[in-house]
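Got a structure for you, written out below as C-alpha cells; questions coming shortly.
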Amino acid sequence: MAERAAVVGIGQTRYKTRRNDVSIAGLLREAVDRALEDADVSFADIDAVIIGKAPDMFEGVIMPESYLADALGAMGKPMLRVHTAGSVGGSTAIVAASHVQSGTFKRVLTVTFEKQSESNAMWALSTPQPFSVHLNAGAGGYFAPIIREYIRRSGAPDDVGIKVAVKDRRHGARNPLAHLQLPDITEQEVRDSMMLWDPLRFLEACPSSDGACAMVIAAEDSITGSKPPAWIRGVAMRSEPTMYAGREEVNPQAGRDCAADVYAQAGITNPRRDLDCAEIYVPFSWYEPMWLENLGFAAEGEGWKLTLEGATSLDAGGDIPWNCSGGVLSSNPIGASGMIRFAEAARQVRGDAGAHQVDGARLAMGHAYGGGAQFFAMWIVGADKG
Amino acid sequence: MSEPLADVTGIKAPVYLKYRFTAGSAPARFLCRLKEGVLTGQRCPRCSNVYIPPRGSCPACGVPTEDEVVLSDKGTIQSFTIVSIPIPGNPIQPPYVVANIVPDGANISFIHLLSECVNEEVHIGQRVQALWKPAEEWGHAMDNIRYFRPLDEPDVPVERIGKLPVTGLEG
Amino acid sequence: MREIAVVAYSQSPCVADAGATNEVELIMPQLQAVYSQLGLASAQDVDFVCSGSCDYLQGAAFAFVAGVDALGAVPPIKESHVEMDAAWALYEAILKIRMGHADSALIYGFGKSSPGELPIVLSQRLDPYYLAPLWLDTVSLAALQARLLLDQDLVSERDMAAVVARSRRNAMDNPLAQLAGEFSIEELLAEEHFVAPLRRADCCPVSDGAAAMVIATVEQARAWGAPYARITGIDQRIENHNPCLRDLTDSVSTRQAAAAAGVHRGPVDVAEIYAPFSHQEILLTRALGLDDSTLVNPGGGVLAGNLMMASGLSRVGEVFRRIVDGKAGRGVAHATSGPCLQHNLVAVLEGA
Amino acid sequence: MVAAELLSQHFELGFTYTRSTGPVVGKFLTGLREGRVYGVRGSDGRVLVPPAEYDPLTGAALGEFVEVGQQGRLLSWCWVSEPREAHHLQQPFAWAMVQLDGADVAMIHYLEAPSAEAIRSGARVGISWAAEREGFITDIRCFTLLEGAAP
C-alpha cells in the first residue's frame, strides 16, 4: 500500500571532536547543502522538513527545531522533530520516509545532528536529579555488564572486541569524513589502551563527535539527481521497556522482532546471504558479535565466529562487510549516528561510497538502537525497486 | 596600545535552570522504607514479578504496581563491570566494581557499588549482602547502603538468578 | 488516501502541581481510559504508538523513555516519539496509517511543568546566541505581541478581557479545568497588569497532566463499534524563528495550515484553538477564518488549563468529544508550538 | 499500601555551554565588543539586525554586513513589574522591540526606564553599552529612552 520512495540525496559533515568553525545551524547546513546538491534540488523543491537529535541537553537549546527552521529553509512548510534516544537518527529517516510513503508529500528533507562539543556527553546523558535510585556509572557502566554476560554465554575469546575495534577503524580510514583516522591501528594498541569499563577498553568505545547527516527522500515520480536512487525496501521500528523481569538484555527481543519485520518487507530470508553489506550501530566493539546474532546473521552464540573469520571485514574480503564507513566506532555525533548508518547503506547501493564501496552492492541494511538497547530502527535499501 | 583582539568565534553560554523535583508516589514509598533501612519492591498484579526500585508500573504489563513486598538485603550478582574512569558528579575513585544485583525476593536487578572484594574475582552468580551506613545517617537515598560485599554462600546457578525467594537459596 | 478517525480520547484534570505523581503515573490512567472506551487490554492492541513530551519541562534527559513503562510494551511494540506537542505525534501516526503500516494508533502526550519556572525554561527555546542568553521569558514575548495588536487597534484590552471571561465561564462546565468562574469584563480589567499590557488572567496557567487518544482507519473504528469522528484534513506549518522577522499581528502558518486542511470547505460548528494568551485567541480565530457562527473553546481552552506537550492533542480530543456527543457536526482543532505562535497545526474533524 | 510523605528537593540543571558562533554571529558579537552594531542584508534587500545566518525567506546563506545606528525607534514593549530571578535587570524594566536606524527589522533587548508611564511605542531609544564588553549579546546592557523622548 505504501508509495515507493527512494533516497536521492545524501550529505554529511566531516565528523570531528569539535567543529568550532560553525554555529549549530551552520553545522546542519553543511550536511543539508550537500544533500540538496547531491539530489540536484533546492529548498523550493522540498515539501517538508524532518529533524532528529538526541537529548536537547547536549546543546542546551530546547526543542532546537524552532531555532533551526530558518536555516533549514522550512518557512511555510511542515516540520517534525523526532527524538527516540540513540536510535533517533534511524527513526528520523523512517519518519521522513513515511511523509513520502504515505503519499502525502513528493520530496522531503531530513537531517539529524549533534554538536556534542558544546557540552559534555557524559554529563548530558546522565544529568543529576534528586532521589536518583541508580548509581551513575556512565553509558559504559550500563552496557559493560551486558557484554560480560554475552562473553560468558557465548564463550567468545577475549580478542573479539579488539578485532572489531581494529576492523572498524581501518574501514574508517577509507572514509574521509570519519572522525577517527587510524589507518595503522593494531590489535596490540587496542589491547594496551586503558580499560574503561571492564571488559571495555578505551579503543573499543566510540568517540564523541560533532556532526550532521542529511538526506533527501523522494517519491517514485519525483526522482532527481544524476546518481542512482536508493530504493527504500523496508522500514521497521520496535520498542520495549528499559528493564522488566526476565528481559533478554544480551539479545533483545525488540531487535529480533524489528529485524524480522524489515526482512519480511524486503523479501530477505537469510540476511547474511541476501544482503551485500550492512551499517549497524556498534558503539562498543562487542556489539558487533551481539548484533550479528540478534539480527540473524549468525546463530545464537556464534556471532563472534563471523568476526574472527573476517566475514564482516571489507579489508579481509568478507562476504558480509559491516560498517564499511567506519561505523559508530569511528564517528559518533549521537543524534546523527543512526542516520549515518541509514545514509551509508544508501550510499553503498547507489555505488557512491568511494573508497569504502562494496563492489556491486545491491541490497544493504541500516540499523540504529538507543536507550538501554530497547529502541530499534532499521531499513533496507536497494539498487532495485523490488 | 594593546594588541587588537581576535574576532569572536565562540562564546560561553551559561544555561542554569532551577527545578523542584518531586519523587513519584511509587519511588517515594520505596525511599521512605529505605530511610528505615528496609528494601522494598512492588509486585505486579498481573505477572506477579517484583520490581525494585519500583517506578509506579510494571513495565511489561503497563499496569500500576501497588502491592509492597519486603525484600532481603542479600542478593546475587547478575553481571558487573569494573569502572576505571571517573564519572562526572560521582565521587568514588576508580577502579571500582559496579554490579547489577538482584536482591532475594525481587525479579529485577539494580546497579550498586560492590566493595571489600578482589575485583578480579568478582563473578556472575556470586552472593552479596548490603553494608548499611550507620542508621543515624539514613536518608531517602540508595546510598544508605554504602556498598554490597561478597557473602560466603555458594554461587547461584545462572538460570536461577532473579528467581530466588526472599529467603535466598535456602528457600 | 485511507480515511482515518479519532475513536477514543481522555485527558487528566489540569492541576497546578501533580505533586508525587511521576510521568508514568500521570500517563497510565489516561491510557486505561482510552483502552476501556474501546475494550482494549493494552497498547498491544493497537498497531503503533507515538508520544510527545519535552525533557526540559521536568529537567531530566530521556523523560519519554520512562513513558514506555506505562505501555506494557512486552512483547515489543512499534513506537516513536516527538520532542513536540503530542498533536505532532498524532500527525506522525496519521502518516503511518496512511502508508499502510498500521490500522490503528495510540497517541499520548504528557508534561509535568510544575517543577521548573516554565516561562524561563522555555526562554531557552529561543536562538542560543541572541535571545536565549537574555532569558526572554514566554510571557514577556507574548506581551510584546499583544502591544503590537493594541497599538494597531486590532485588539482592545476589553476584547482580551472578554476572551478571558468567556474562557472562565465555559470552564465552569469542564471538570478538568484548572481555572473557572464567573467574571465580568470590568472585574478583569480592574486587575493590575502582570507584564503590561497582559494581566495574569490573559495568560494560561501552568498545568501538569497528560492526554491520550486512539485513532484508526474508519474500517477499524467500525469494527471496534465505538463512536468516531473522521479526520478529514490535517496540516502543519512552521515560520521564522525570530519573532521580529514575522508579522506578529497575524499567524501566516495558521492560515496556510487551515487552507491545506480544508477548514473552509464546510461550516465550522466548533473550534478548539490552542491560544495560551487571550489576544492570541482573537488573532488565531481570524487566521482560521472563523466568524460568530463557530463556537470557540467551549471548555475554556488552554486559558483554563494548559498541559504543555498535550494541549495540542487535547484540542483535537475536545473536538472529537463534541462530535461524538452530537453537539457538533464539523469542527476544527488547532495546536501551536514555539515562540509567539511560530508553528501551527490545524485539523478538521467531521462526524461519521 | 504505605502512605509516603511528599519528597521534594530543589536541584539545578545547568552547564556553561561553549558555543562556536560561525562567521555571521561572530561578526555581530565582534562588533558589539567594539561598540558597533552590524546587520546583514537579506535577499530582499532588508537589513536584518542582529544578522541572520540564513535568509528568512529563501534560506540562502547571508554575508553582506551593514553597520547600523545605535539609536532607533521602539516598535513594541512590555513592562515587567516583577523581574524574574533570571532577568538581567532586577528593577522593574521593559522588554523592547527596537528598530535601529538603518535596520529594516527590530531586535529585542532590555529597556531601562523609570516607569511604564515614561514609555510609549514609537519612542526614540539608544543603546547603553556594558562597562566591560566581551563579545556577547549582553555587551548591550540595555536600551534607554533618549532625552526628551518621553511625552
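Every chain is named by a letter (A, B, C and D) in the order it is written, and numbering of its residues begins at 1.
In the analysis below, a residue touches a chain if its C-beta (ideal position, glycine included) is under 8 Å from a C-beta of that chain, and two chains touch if they have at least 3 such contacts.
Everything quoted here is computed from the prediction, not taken from an experiment.
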Pair sharing more residue contacts (C-beta pairs) when A-D is set against B-D: B-D
Distance-maximising chain from chain C - centres being C-alpha averages: B
Chain A-chain D separation of Cα centroids, rounded to whole Å: 39
Averaged-CA centre spacing for the pair chain D and chain B, given as whole angstrom: 46
Inter-centroid spacing, chain D versus chain C (mean Cα positions, whole Å): 30
Chain A and chain C, separation of their C-alpha mean positions in angstrom: 33
Sites on chain C at which at least two other chains make contact: 19-20, 56, 59, 68-69, 71, 73-74, 117, 120-121, 124, 128-129, 132-133, 240, 242, 245
Chain D residues counted as touching two or more neighbouring chains: 4, 6-7, 9-11, 13, 15, 17-21, 25, 29, 52, 56, 85, 136
Chain B residues counted as touching two or more neighbouring chains: 9-11, 13, 15, 17-23, 25, 27-28, 31, 58-60, 140
Overall pattern in which the protein chains touch one another (line/ring/star/complete/other): complete
Chain B-touching residues of chain A, taken from the complex the two chains share: 20-21, 60, 120, 122-123, 126, 128-138, 140-142, 144-146, 148-149, 152, 194-200, 241-246
Contact set on chain D toward chain B in their complex: 1-21, 26-27, 29-30, 33, 85, 135-136
Contacting residues of chain D [partner chain A, same complex]: 7, 9-11, 13, 15, 17-22, 24-25, 52-59, 61
Residues of chain A touching chain C in the complex: 1-3, 23-24, 49, 55-57, 59-70, 74-85, 91, 95, 98-99, 101-104, 124-127, 129, 235-242, 244, 247, 252-254, 257-258, 371, 374-376
Complex interface listing, chain C residues touching chain D: 19-20, 56, 59, 117, 119-120, 123, 128-131, 133-137, 140-141, 143-148, 151, 193-198, 240, 242-245
